[in-house]
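After this come two complexes, each holding chain A, first together with chain B and then together with chain C.
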Partner chain A sequence: MFIVNYIKDVFTALKSLAIGLRRTLFYFTHHNEIITEQYPDNRATLRLADRFKGEVVMPHDANNEHRCTGCTACELACPNGTIKVVTKFDITPEGKKKKAIDKLVYHLELCTMCNLCITACPSDAIKMAQTFEHSVYDRSQFTKVLNNEGSKIMEGVE
Partner chain B sequence: MVEELGSNTEGDLIINVGPQHPATHGVLHLVITLNGETIKKVEPHLGYIHRSIEKMCESLTYRQFIYVTSRMDYLSSHINNHACALIVEKGMQIEVPPRAQVIRVLMDELTRIASHELWWGAMAMDLGAFTPFFHAFREREAINEIMEETCGARLTMNYMVPGGVLEDLHPDFQRKVKEFITLYKRKIAEYDDMVTGNIIFQNRMKGVGVISAADAISYGCSGPTLRGCGVSCDIRKIYPYELYDKIEFDEVLETAGDSFARYMVRIREMNQSIRIIEQLIDNIPEGDVQAKTKAVLKLPKGEFYQRVETARGEFGIFIVSEGGTNPYRIKFRSPGFSNLSALDHMARGSKIGDLVAMMGTLDLVIPDIDR
Partner chain C sequence: MWSFSNIADTLHTWLHNTFNATLAKFVEMVLVGVCVISLFAVLGLVLVMMERKVSAWMQIRLGPNRVGPKGMMQSMADTLKLLVKESMTPDGADKFLFNLAPYIAMMVAMLLMAPIAFARNFMMWNLNIGVLYVSAISSVSVISILMAGWASNNKYSLLGAMRSGAQIVSYELSAGLAILSIVVLTGTLNMNEIVLSQADGWWIFKGHIPVIISFIIFIIAVTAETNRAPFDLAEAESELTAGFHTEYSGMKFALFFLAEYVNVFIVCAIGATLFLGGWMPFHIGHWDGFNRIMDLIPSSLWFFGKTFFLIFLIMWFRWTFPRLRIDQLLNLEWKYLLPIGMFNLLLVTAMAILGWYF
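Coming up: the complex of A and B.
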């Protein structure tokens, strides 16, 4: 009886291995099941999801105008101190002082892409970009100024 | 450790596994006392990835502290975030819109499947089978793509906010999830063919790492580790949160208490998660995804506790509030820590080759153990 059981065990064991190997052979011959992305080669066609959180950017229009009022809501919402708003006072044509941003400093190396600054912004001045290749040679290059040189606030944004 | 070596007169061998070891899946350091090939003692040394998250949370507001919990158990980040959102809602009595509730449960279950799939691949790899790892990642990739489209991130989503979820679902969400369900049902048979039925795998798992129900409870195990011993401990059933008391699903139980039982619990749990998703995916109610909340959240003075069932077991948050915008004290109960503490008990007397298999079935995520 022992011998019969032993041989039975050997055969069930071999069968289980064959079942597993059948799957390997299946993928060996069915190439359309492969889903590998050829990453650095497919850069031209690679498109990330629209909502992908890559980095914070500030969109500017054709007249080099942005929507940021300098209210520092994003700075307060950020858990890591990623954003620093530097404000200045512009003199309006009527001769009044008006608060505006001088620089919106963004530290990419501290950012965790939690989206809290975007939801906090009352005037939709910042948004998430779909970039993801962030490697640079020097850490200082991670510190970015989001508003363009010489940009000013859009007409009608308060 | 040097003292231990000095006082060692019986010729025992003390070896270090980790902190840089491929089988520990992170910076876990195990000091193992061996007598020949037999394990006499396993001592986990922690602290290599301690980020002092609990202390950090005390300086963050109730909106900000959620993102940190994604960095603990990064494979169930949705479920961790869910617990944070629930505790704030409980404290402030915020009513969550029905649409947001359904979205949350759907995301939780998708995360659970993704987590179990990664565990399945990684565990098979621990035992020397490399192919299953790629098969598991294929299905997981489908879930990650769904997450990327709706939440904007693949791993640390930060999608749950107090009062609901961050954004509405992507228009493609329902179609993609249904596609995933068909893919999953087509491929799950492969899992059994390749790993579950494999004779080498079964011999290495059955009767290995046995822990009795009483011992597992005394070590504070939870989740699949405890359910593998036949103890009913699913938080979704015992203390239902969100919609779980209205959804039909079974709590998966195995009685053997060995590595194979824990393995089977996880495999069968994936099927239950699919069942939950199937029930909800066509019944997402219309409406808001976020309740109206105040700009500054303040929990009333008092103590709050909320537990959820992550892919690894019971995850709990305890908050002491002084009525301000930040928590006065915050404590996380992570499932991984308690499950790891039972490893010593499981491993004593078995061979060193089986240790990796036991660790695999505990599904350890090191940043969760060492916060």
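Coming up: the complex of A and C.
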């Protein structure tokens, strides 16, 4: 029946509009839900969402040790050549040669924060930090070496 | 007691005692003009601020909060910025029409102020065909939009203006039908008499279901007529940059912007007058004690309270609903609002004849 469908249409439309209006009215009357961060004023108490990704970092522990084996999985996973792994060969006490990283070069200016390198890493050596104030005066400062000076691989990470 | 009509009467007698009749009339006209212009300025500032705050709170944001206490001076700062900006006229534009269009938009908004009853015994022009005058003059506003769109010599502007033409012309019909249902019930076109007819209850309560239906149709139609979201196809930002006022800048743009907000105020004032009793306090039938308590609140406060409630409603729509497509827009008008409005008018007429209202 045309007329029944017509009236049904009108009422479903009114109902769905009312649902939308109720949602916005709820937000209008609940100011404690406001998510705006008044950024430069509340720098100390800034709350960032968990999913926010600022830059790639390599965590080091107290003994200046990292977990990176130099497998280059992150370099292969990166879609736009942001990461460059420079490897070297360490001599272990037993006299065997072991692959390790010399430098893990990271180009912040090329990075799109896609997180593919972090998911590709088999030993959880790199992670995303939440820093975001990246402005510098010279673009060469965007090229960062992620491993610290004189750092070495953690015991037991293969 | 303090009221607008007392002030107006005192001024009137003083002017007539001091000057001769012609000069007094002239001075009164000038005063009314100044009052309308200052009301425009205040409305522009207040409504822009209100819109920005309402939109912010509905989107879980803070809104402007830097200029002045709680950001209340933000619209002042914006006005200052617009005043000092250059009003450009593009080379390819039809200069005369291009510069004329914003003034026509403002003039229409000013003319519409005339028959509105702002408070008890306080209106500019006690016009016996007030409602007809309003619906006639409001259709002139489409001319300013078409003029702006055509004279800009810009594809976006022209498309926006053409959409706006189709929209305003079609939605005027259902707004007219909704207004007509109240005219049928009151039997008068005079705004003041329509308000006086609601002394024992507002029409939205007295006329129950049919009047509520025409109120909903009226609100939808005037939202479309004032080119506000969800019917803002004329200036759809995502498709047409700014529609008919793409080429305008500085004060000429501000005039269009102001005209939009003043039009919103006017249609809400008319809606409040027709359906919510205008300046008439909230009265219930013959409860004299209750009615007398309600009378203690000044009538101007009632009028502005109701008008701002309706403005809030329209802002609420704007920040909730997504924009319609042009075919959906015309479908809504010609397939839904107009048939329902006509049927509803029939219902209201039957109700008026048989006396089935309170």
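Just so it is clear, the second predicted complex is superposed on the first by the 121 of 158 C-alpha atoms of A that agree within 3 Å, B and C clash if a C-alpha of one lies under 4 Å from a C-alpha of the other, contacts with A are read in each partner's own complex, and residues count from 1 in each chain.
Here, contacts are C-beta pairs under 8 Å (C-beta built on N, C-alpha and C of every residue); 3 or more make two chains touch, one makes a residue touch a chain.
What you see is a predicted model; the values in this text were computed from it and never measured.
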item	value
Partner chain in contact with A:38 - chain B first, chain C second, else both or neither	second
Partner chain(s) touched by A:96 [first = chain B, second = chain C, both, neither]	neither
Touched partner set for A:17, first chain B, second chain C, both or neither	both
Chain B versus chain C as contact partner of A:53, first or second or both or neither	first
Chain C versus chain B, contacts on chain A by residue	B
Footprint overlap on chain A, comparing chain B with chain C	17, 20, 23-24, 35
Contact footprint of chain A on chain C as seen in their complex	54, 57-62, 316-317, 319-321, 336, 340
Of chain B, residues touching chain A in the complex	60, 63-68, 131, 138, 141, 145, 148-153, 156, 158, 161, 166-167, 170, 190, 193-195, 197-200
Of all residues in chain A, those that touch chain B in their complex	12-13, 16-17, 19-20, 22-24, 35, 48-53, 77-79, 112-116, 119, 128
In the complex, chain A residues that touch chain C	10, 17, 20-21, 23-25, 27-28, 31, 33-36, 38
